[in-house]
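One structure below.
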Amino acid sequence: MFKAGIAGASGYTGYELIKLIHRHPQLEIGWLTGESSAGQFYNEIYPVNWHYPLITLDEALTRVTEVDVVFLCLPHSASMNAVKRFYDTGVMVIDLSADFRLDNAVIYKRWYNEEHTAPDLLQKAVYGLCEVNRAQLPGSKLIAVPGCYPTSINLGLYPLAKAGWLGDRIIADSKSGVSGAGRKAKLEYHFVEANENISPYNVGHRHRHIAEMEKILNAANGKAHNYRILFSPHLLPVNRGILSTIYVEVEEGVSEAQVWDLYAESYANEPFIHLLPLGKAAALSHTVNSNRCAIGIIPADPAQPNGREYIITVSLDNLVKGASGQALQCFNIAAGLDEKSGLI
Amino acid sequence: MFKAGIAGASGYTGYELIKLIHRHPQLEIGWLTGESSAGQFYNEIYPVNWHYPLITLDEALTRVTEVDVVFLCLPHSASMNAVKRFYDTGVMVIDLSADFRLDNAVIYKRWYNEEHTAPDLLQKAVYGLCEVNRAQLPGSKLIAVPGCYPTSINLGLYPLAKAGWLGDRIIADSKSGVSGAGRKAKLEYHFVEANENISPYNVGHRHRHIAEMEKILNAANGKAHNYRILFSPHLLPVNRGILSTIYVEVEEGVSEAQVWDLYAESYANEPFIHLLPLGKAAALSHTVNSNRCAIGIIPADPAQPNGREYIITVSLDNLVKGASGQALQCFNIAAGLDEKSGLI
Amino acid sequence: MFKAGIAGASGYTGYELIKLIHRHPQLEIGWLTGESSAGQFYNEIYPVNWHYPLITLDEALTRVTEVDVVFLCLPHSASMNAVKRFYDTGVMVIDLSADFRLDNAVIYKRWYNEEHTAPDLLQKAVYGLCEVNRAQLPGSKLIAVPGCYPTSINLGLYPLAKAGWLGDRIIADSKSGVSGAGRKAKLEYHFVEANENISPYNVGHRHRHIAEMEKILNAANGKAHNYRILFSPHLLPVNRGILSTIYVEVEEGVSEAQVWDLYAESYANEPFIHLLPLGKAAALSHTVNSNRCAIGIIPADPAQPNGREYIITVSLDNLVKGASGQALQCFNIAAGLDEKSGLI
Amino acid sequence: MFKAGIAGASGYTGYELIKLIHRHPQLEIGWLTGESSAGQFYNEIYPVNWHYPLITLDEALTRVTEVDVVFLCLPHSASMNAVKRFYDTGVMVIDLSADFRLDNAVIYKRWYNEEHTAPDLLQKAVYGLCEVNRAQLPGSKLIAVPGCYPTSINLGLYPLAKAGWLGDRIIADSKSGVSGAGRKAKLEYHFVEANENISPYNVGHRHRHIAEMEKILNAANGKAHNYRILFSPHLLPVNRGILSTIYVEVEEGVSEAQVWDLYAESYANEPFIHLLPLGKAAALSHTVNSNRCAIGIIPADPAQPNGREYIITVSLDNLVKGASGQALQCFNIAAGLDEKSGLI
């Protein structure tokens, strides 16, 4: 039996991770941290009957030998130091923040406008997009779990990018449930403000999540690429789930059947990719409360068969495949367990 | 053309009141106050194109002669002083808070656990439940607009109480949309916490709103009464609306037809009461976004005709008939206008 | 490994049951029936990647030896004959309909207004309210899974009824998510009709589910009892979950601490009962997507300690503890497995 | 006082239109038709206290002289004949269906795959996009009210198209509330299917609504144009409202300020256009329950000032500005009344 420590367990991703671990036959909770709720029990901060005490990060570090893996569910920038402290103890570290997802400190600063305080670890971190980086995960001691939005875009476009069939201009219109914004009391996430509403935010070419998309897509194919991604996230009145509607052009001369087959082959053995029949769109309901990622490939113009324009629709649960489920999937692979453990 | 000042215009009831006044052919906005948003324009705090400046309460007092009526949409206890200051200028004051709804300072303190700072005004205030107190409204200078929950209970039970047919034990199971909690960034009103949920709160015999129910029902009939009201509010995952499901017993020997006729007569000329056919339940959809109050009278046991148990279902929009609509209805009556102006 | 057949797998309870079975380490899907969808695959009727074929009931009967247990998720009255046919083959039958929940055909006809076509089986069926009837489940060949509403009322009141402390008059104001109404295209369940709404339906003393409440509560205590239950269901704008707010009186002289202790003892070893601290209310969020049942005990009048009036709040997920989860829990007990298998 | 007849009053647009007419000081209801609900009263089909009888279309034709205008809220293709019959009586006809929105019968057939049975009227119909065609409305006897989606796209792009600054490739990612699908009991609009979900449908270059977009945009500027519009509608879990996120390129050399000024000038005197400050996105909350259309203009790349890519966000209420409100606005203009009557 493996034991997991969770740092920052009081947010929605921490809550989800505990639920998933409860279903995992070989993993159980070691300790949980929560700076502002330390001293309380988990059932005091969530409507559950889980009597875990919440401790501080400092205390958790003194108890690091009790666990086999530490999952960090802290906000970006707050995570850096904590990751370093845990990493230095030798324990396996799986970080759900954005802090170790990019390749180097310069790029990090460009997008996050902050100095990285553990730049030496950036090269050691494996980007935990399992379907792409599975081979690098076994034995790794620092895994950066991808962001929820980038996971949807990257899984939706990787086969095309790898094949060299993906056109440079990409428009991703994404819609996310409110849990993606975290468990923070802010007016814009007040029920009355978000319900019966949908609102775009931070749209354009400068959303931080674009960095992860460029990282994966530009490197997918041997040749140098420079995809230009226009990314428009929207706040959707649902608790959870992301739908990305992605507008792309494919290489001239490639047929619809070839595109679909490419995806079918690329993801043939992937337990969590649900490739829909050609022309069928993915919806949130395909994936909510599961670790699945559903992909629907739609040629844009039925009157123009084998045209270049496609609409790629991708759905996943932002708290599962977009965060805690993917983190657990990474752990399963890294630890040599069945990749699906706890994720069915 | 009359002009209205609104103090505390930045909350949901203020927002709703402005919308209604825009539809009123004889009333228009004079000024709006908002302490923390003073200096901003209304379109900066709500998604509208209304370019009204927000001023402070102090400034509004210097401009009180510009308006014919001041509506106060301030929180209870904060309202007392403001009401007194406006009242002393001689302007008509319509207070939407709880501060002038009860009969005297002792009762106020018992329920609100606070000293009343303008006790002399309590006797001058008319309780603006139009269907009950219409006669007292014309010419009044201080009107206390009833609370949203009590309006639903009182309109639902008043005919029975007045007829002396209402049994002493009353159980009111009420469900309210989240706007009833105000525009405050608190975790319990976060979309993810309130959505796909329903939660009872402050249930039992001690909710403050019971005071208004007792006030109206105990005095409905010439004889002394002492109704014992068990009141259970629930937070409902909708933006607006209250549904009260009220369990009562009626006098022995009174038939179902007599009960329904009693309501039909009592409310025969009421433009905003929607009495449903006997046995039909009220739903939120009967009243949301309107100033209507729907009442459905359901005998509890079809196998026992003319039994004593009834379920009275009452629905209204907490922001309209439960607050700003009723306030405007009060104004219309007090000012001698068509009671329905701005409320269709 | 056990194998399960599911008859009527195309409804919401069938869908949920498959999800739960996927998580069960010792149970897997044998076959699925769906009369109107026979010939299709499961991924054609639900947004999942489960490629199970749907067959007819007749075909399933010819393949009954392939499975160890048959779960029937058919509508009431349609289930009777199917249950009899499967029962006669000797396979373990777990029926989620209402058809075998009552004690005899006379009572059945009184509430359902229909002749029972398999009256001899009524006495053979065990009512699968696990927390009450656990001892009768091992080895049983016909289990009637309780209804969702009655489960909430019965688990909420059983300890009081068994102790003989429960007053005769009971008012249960229940709120249920729309999945409780089934996967049927009817106007009242259209999104626009149900969303931003709440509506009472079939309120009073004659809802069919009262029969199950009377059956359990009247028999809880050695002495004869005749509880009079007023039951008011409401359609709630959420996908899943039931909240029952139950108004009761307890025996004179029993203290609040005694009441709470009674529940704590009664449910001390129950893995799925979540008893909340005294005075705290249950909300849907305590139980949605789990097999838990949360119970909150609230004395009605804080100013009158140890008074007789209580508000018992009970929450459960109608598709899990109120249907498929409880069915699986029954199976686990009947088959001698860990009761929690597949239900964490 | 004018009188209105409404044909097809039992759908959501009919319901909304009655609400708006009730607020109109110079218009009142004459008669209402509903083929399948003829013989009933309006309060039997909607939760309102409006006691209008519903009659058949045939009866309405015999009573056409009682009204000054007939609004048709029938489904497309069913509307053609009815429009012709009313038009031939000489009464003013305002058709909310798609049947008279296109220029000729050939184009109609191409998109709707059906013969037009009143092709001679197509040239007589004025396309009632008030902000564009206001001058043609006074005195017209047949007005085709634009579709909800096209209204959002056309109002969002018209100034650019007219100025000749709009690039040929347009991607419109639109999200609509469920009322847009009509009051039909279909499984996909069941609460449980649509809630906590979002799903794309009919995406690409062949959605019928594209015809209206091409009609308006291609003709906006003197020169011939052939915009290529990729349109992706999504079913959004809200009752009402459309948000269109439109991706366009503008003419090289045109600055952000010029773009915004163009809109500001184009819509300077429009009472229902709410132009947001440059860079601010429109949300549903800007317009729900109003006749407003909010437009937010966002340059795609803040790091590249005065770049060519823009995201135009447009929000409106599909039942008001997208249907019944716009129909009433058309009537007001056609009849020479204040354009805003009934629409505040």
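A, B, C and D are the chain letters, set down in written order, and residue numbers restart from 1 in every chain.
By our rule, contacts are C-beta pairs under 8 Å (C-beta built on N, C-alpha and C of every residue); 3 or more make two chains touch, one makes a residue touch a chain.
The structure presented is a predicted model; accordingly, all values stated were derived computationally and were not measured.
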Taking each chain's centre as the mean of its CA atoms, the one lying farthest from the centre of subunit A is chain B
Set A-B beside A-C; more C-beta pairs touch across A-B
Rounded to the nearest Å, the gap between Cα centres of subunit B and subunit C is 39
Distance in whole angstrom between the CA centres of subunit A and subunit B is 47
Between the Cα centroids of subunit A and subunit C the separation in whole angstrom comes to 36
Within subunit A, the set of residues that touch 2 or more other chains is 193, 195-196, 237-239, 283, 285
Listed in rising order, subunit B residues that touch subunit C in their complex are 171, 173, 175, 193, 195-201, 203-206, 230, 232, 234, 236-241, 243, 245, 247, 281-285, 288, 296, 298-304, 309, 311, 313
Given the complex, residues on subunit B that touch subunit D span 22-23, 25, 47-49, 196, 274, 283, 285-286, 289, 292, 294, 344
Within their complex, subunit B touches subunit A through residues 12, 177-179, 183-187, 189-196, 237-239
